[in-house]
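I've put the structures underneath this note.
Presented sequentially are two complexes of subunit A, the first with subunit B as partner and the second with subunit C.
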Partner chain A sequence: MSELRNVAVVGFAQAPIVACDAHRTATEMLYPQVKRALAECGVEREAIDYQTAGSADYIDGRPFGFVAALDVMGAWPPKQDSHLEMDAAFAAYYAWIRIQAGECDTAMVVGYGKVSEGQPERILNLQLDPYYQAPLGLGPMTTAALQASAYMARSGTTDRDLAEIAARNRAAGARNPDAQVREAATAEALQQTPWVVEPLRQGYVPPIGESAVCLILAAEGKAEELCDRPVWIQGIDQRAELQTLGARDLSRSASARLATEKALAMAGLDSASEVDVIELFATNPAEEMILREAMGLPPAGETKPVVNPSGGPITGHPLMMTGLIRLGEAFRQLSGRAGAHAVPNARRAIAHAAQGHALQQNLVFVLGRERRWS
Partner chain B sequence: MKRPVAVVGVGQTHHAARRSDLSMPGLLREAIDRALLDAGLEHKDIDAVVLGKAPDMLEGIMQPEQFLIGAVGGHLKPVIRVHTAGSVGATTALAAVTHVASGLFERVLTVAFEKQSEGNTMWALSPNLPFTPPLVAGAGGYFAPYIRAYIARTKAPPHIGPMIAANARANAGRNEYAHLREPMTVEDVMQSPMLWDPIRYLETCPSSDGAVAMIVASEAAAKKGPRKPAWVRAGASYAEAMWVPARDQVNPAAGRACAKHVYDAAGITDPWNQIDTAEIYVPFSWFEAMWLENLGFCDLGEGWRIVDRGEQKFGAHLPINPSGGVLCTNPIGASGMLRFGEAALQVMGRAGAHQVEGAKTALGHAYGGGAQYFAMWIVTSEL
Partner chain C sequence: MTEPPKEPVKYVDANLYLPYRYTAGDCRARFLHALKDKRILGSRCSKTGKVFVPPLVSSPESFAPCDELVEVSDRGVITTFCIVNIPVIGRDLQLPYVAASVALDGAALSIFSAIQECKPEEVRMGMRVEAVWKPDGERQGSFEDILYFRPTGEPDAPLESFVHRL
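Presenting the complex of A and B:
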């Protein structure tokens, strides 16, 4: 792993997360983001060597939904292309590997999906083992509640603890113009909201939301031309684990722990606490606590590193792009583009993405203002 | 590519309309176990897993790789899931090659599957979309007009498609894994019912259950293996937009661009004479003639003449689809990777009864979407 290329995030555009964009299709939502991200880099689509997307047919409600995005990304003349049926953050991971392999120097990564047109609780039930688990009627909220219960039982975490984490995310989301939930709320108020599935309350989990995202990656040499302050990827790793809920210790995330260790080692860091800001794919407060523990971070309530200054997924969770937004937010923080939710003097960040039930698969990017390899 | 990459193991299931004897994890295990055995490796030797399949609606499971993590040996490993329509099996293998070429991974397992008997493919491929008239005709209904356009352009006689279908079946007879192996004559094909003019029943790919797996490895890892690997000399995947007026779905620009890319990278200037055999994605008979032209094996309008002269038959100048191809075996998500795996087996000299004698350079090819996604690789017996 000696001769890695320095690769940077050089552009990012995101549609504000909304409950339902009633007047536009998924690709109509995406097109302006592609244009904005390219404009931010000062180039047209011809300047990009490779394009890749993350989306899911079941979110689109049809087979081959991703084909429509080819026109939006501008695949004419034909482009080198791929598509992952994963959160678009994993498409960014794969694009980074392609750049490492020397197959391209620049890549466009998009994520999209009209979440409002389906019923995520029903659709994501279909992600579970069809023989033993899906027939039980479990959905993402019930599996998340099982995980939260397991963590609370082991750690002694209380409902109040969860409420305070949710309140902190809500306060942060109020400063992020792209967040869906932009009203701050006190822990007391959130504790009064009804259970969705005990121990998760309505105030602790995101509403259904949709967006569209475009991110541009570039290798050293190109990155400086495309961006005044490129944000360099210093470490990266991802790990999956068994889905079977009964075969895992749901109170812990073994895959997040391992991915963090490997990504930190690549970045030459000893601890995740050495970074200034972290964007976690935590869709409820218990996930944040489990991830903090797995990544070796201080417990919730500590203020350094700053976790989810964007408000995090609790204030906006557009399926298939929530992970890529974490990477985009880390770029915003380190390149001086975070506006009202900027963390002052942030020099290093971690962006985390997850997918599957109960944090089944985890991806970690370590990012910095400096190049990693000389 | 930053460093050489080799195929060190290939395994596939016995393909059939219904593999009711196996669950989905079992189907994957049959292919993966054979690939690992072939490479002399175990799961602990594998650094990452790259899985591909076609639309999730075919089995009715969203992102099935999540529940298949155990079956593919992916626990606590990096795993990605690729989906690029019909080309997906090939694009998936290329993603695995990229993993190794990057220098970050030594041995990567790549696997692709479809268990069509779990669902209803015609339903799954016939969505009713807003502002679009429902086609309710599946892939055959979509592609038939382009075949008619090809015939109109080239004045190809009507027996060409049936000749291709009969030849594919003769080839599949030599492949123990193929789904449809019963011999049939050109006359049989021409007597079979018309489905989507000019595509007859016996000129159409079947619906299959099946999986295929490969292990790709670095040069150092490959040289530790029990036998000679296949070397990946070039690989590329290209896509083209859907609503561009300049598109030509008879001779797609993305196919030409992809072929040029892999030929340039592999130093091929005369594909008809430098390539010894090709496994190309032919779901409906006539596409064999069309792709011969699109891939630059001949001039435009000459593809059907190659078929008419029998120069693409087993034992002839350029055997096309010696395995029998997609016309005889079509587990959709795996079909592209089967093309790549069969090409690799040919240059390893291990294709069994359908081995092309002396094959040293082979092309694997797949396409998908509305002839929009293309993925190809060139494999060779020597580095």
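Presenting the complex of A and C:
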């Protein structure tokens, strides 16, 4: 691996996830988070070279909706800017590439979206092919349930196993002030909740939520000025699976496995078990098990590394932001900002983001308190 | 493969139905509610003092919060305009009509509206105009409570007075 620029996460701000913020529009929710992230870095907007957003026009309910975010991102005088119709974690990956290319030294990455304004199950149905899949009414909960069934059949996982994973996430979420579901619940209780789409129960999946998120990246030389404890990106990789659901083995995530291997190799690590914390984009317990397996970890039970100490997406899943929040959470853990849900002495972390039906696209960051390249 | 069928399926129709309910937000809600009383609110930038109409929670220009709501006049000046000969979606306006940018007295930015009650060729930059409101009892707290703007007959404003608000 040739030498790359050391790039760090140096700031992160997130609005607590709520079902609906009736007082603010999407950009009005975002503005205070942009201000907070800059304030955390002790800088004004002039310190940011490049900015990018992850959002979806179908969630905004208007074409080119992302341009509205410019007004609250400090984009004046005009800045280098781009947008991804993806979870904002993928925008962070893109920003990292721009920094590697030498086009900028600092980047602001935002995620936003008023999920409560539209109907996400309808919107994400349209992501499927319009001939055979979308007309069936398949939505993300249905494709997730198909994947969960496939995984359970292959692995022998039971409903009780799913309930225990959900309960562990719920217990963790109770300690995270930004989580949406903050009441712990026992596996017994969660197992009594009704099916949403069998084998997924209401207690295993997140409610609809919205937030606004801003994360700041900076290259070595700038990062130390912006943050007392920069969290360095040591490895990074992104892989996508085929669009045709029937062409995939839904019981596994080949792309998460490969992305993890490549990101670990870039970081100079052999195994995901060498990190202290993993934040997974797992929106139900079966996804968590599939991802843990893909990363070479035991699919269930308490592990070192600690998985989703924030409560994970099961306790808060704001579309287009859930992945960037994983990166922000990893930053919080390694920079001593995780408060009540801190993992003691965490030095390395993995932040994972996914996009698309049944974990179609996977992005893995390996992060650490030390610089990767000398 | 044999011959294709004589009546192939050429298209698959899809009628996409995606309802939205846009959140007004407290700031916009106050603006819209005031229109019921024929009042136009703006927000003042805490850094530059500029007044934005409709109100914004933050200034795109200075990046500072704009927390203070202030009332502005329903009269102003045409800063730029065009004569439209193509029909507008959702509005029943006689063609051609004038679409104009109107800087209200007290506001740093312009709003957009139609100009009526005069011939299109009479419209000019600097022309003084006033809002024509829906009648009492019909206003809903919507931007459409302002039907259009019309000339007031006051002397034109000199270019220097609105050149910074183009």
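Rule of thumb we're sticking to: the second predicted complex is superposed on the first by the 373 of 374 C-alpha atoms of A that agree within 3 Å, B and C clash if a C-alpha of one lies under 4 Å from a C-alpha of the other, contacts with A are read in each partner's own complex, and residues count from 1 in each chain.
By our rule, contacts are C-beta pairs under 8 Å (C-beta built on N, C-alpha and C of every residue); 3 or more make two chains touch, one makes a residue touch a chain.
These figures come from a predicted structure and were not determined experimentally.
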*Can A:Y131 be said to touch subunit B (first), subunit C (second), both, or neither?*
both
*For A:R122, is the partner it touches subunit B (first), subunit C (second), both, or none of the two (neither)?*
second
*Mind working out whether A:A22 is in touch with subunit B, subunit C, both or neither, as first, second, both or neither?*
second
*Is A:R239 in contact with subunit B, with subunit C, with both, or with neither (first, second, both, neither)?*
first
*With the two complexes superposed on chain A, say which partner A:R45 touches: subunit B (first), subunit C (second), both, or neither.*
second
_After the superposition on A, what does A:G74 contact: first (subunit B), second (subunit C), both or neither?_
both
*May I ask you to decide whether A:T186 touches subunit B, subunit C, both, or neither, giving the answer as first, second, both or neither?*
neither
*asked:* After superposing on the shared chain, does subunit C or subunit B touch more subunit A residues?
replied: B
*Could you tell me if A:I97 is touching subunit B, subunit C, both of them or neither one (first, second, both, neither)?*
first
*Look at A:M86 in the shared chain and tell me whether it touches subunit B only, subunit C only, both, or neither; answer first, second, both or neither.*
first
*In the superposed arrangement, what residues of subunit A touch both subunit B and subunit C?*
58, 61, 70-71, 74-76, 123, 126, 130-131, 134
*asked:* For a test of understanding, state which residues of subunit C touch subunit A in their complex under the given definition.
replied: 12, 14, 16-28, 56-58, 60-61, 63
*Which residues of subunit A touch subunit B in the complex?*
1-4, 56-58, 61-64, 66-68, 70-71, 74-86, 90, 93-94, 97-98, 100-103, 123-124, 126-131, 133-134, 237-244, 254-255, 258, 355-357, 360-361
*Spell out the residues on subunit A that touch subunit C in their complex, using ranges where they run on.*
20-25, 28, 31, 44-45, 58, 61, 70-72, 74-76, 114, 116-119, 122-123, 126, 130-131, 134-135
*asked:* Per the contact definition, I'd like the list of subunit B residues that touch subunit A in the complex.
replied: 1-2, 23-24, 54-63, 65-67, 69-70, 74-85, 91, 94-95, 98-99, 101-104, 124-125, 127, 129, 236-244, 246, 252-254, 257-258, 261, 369-370, 372-374
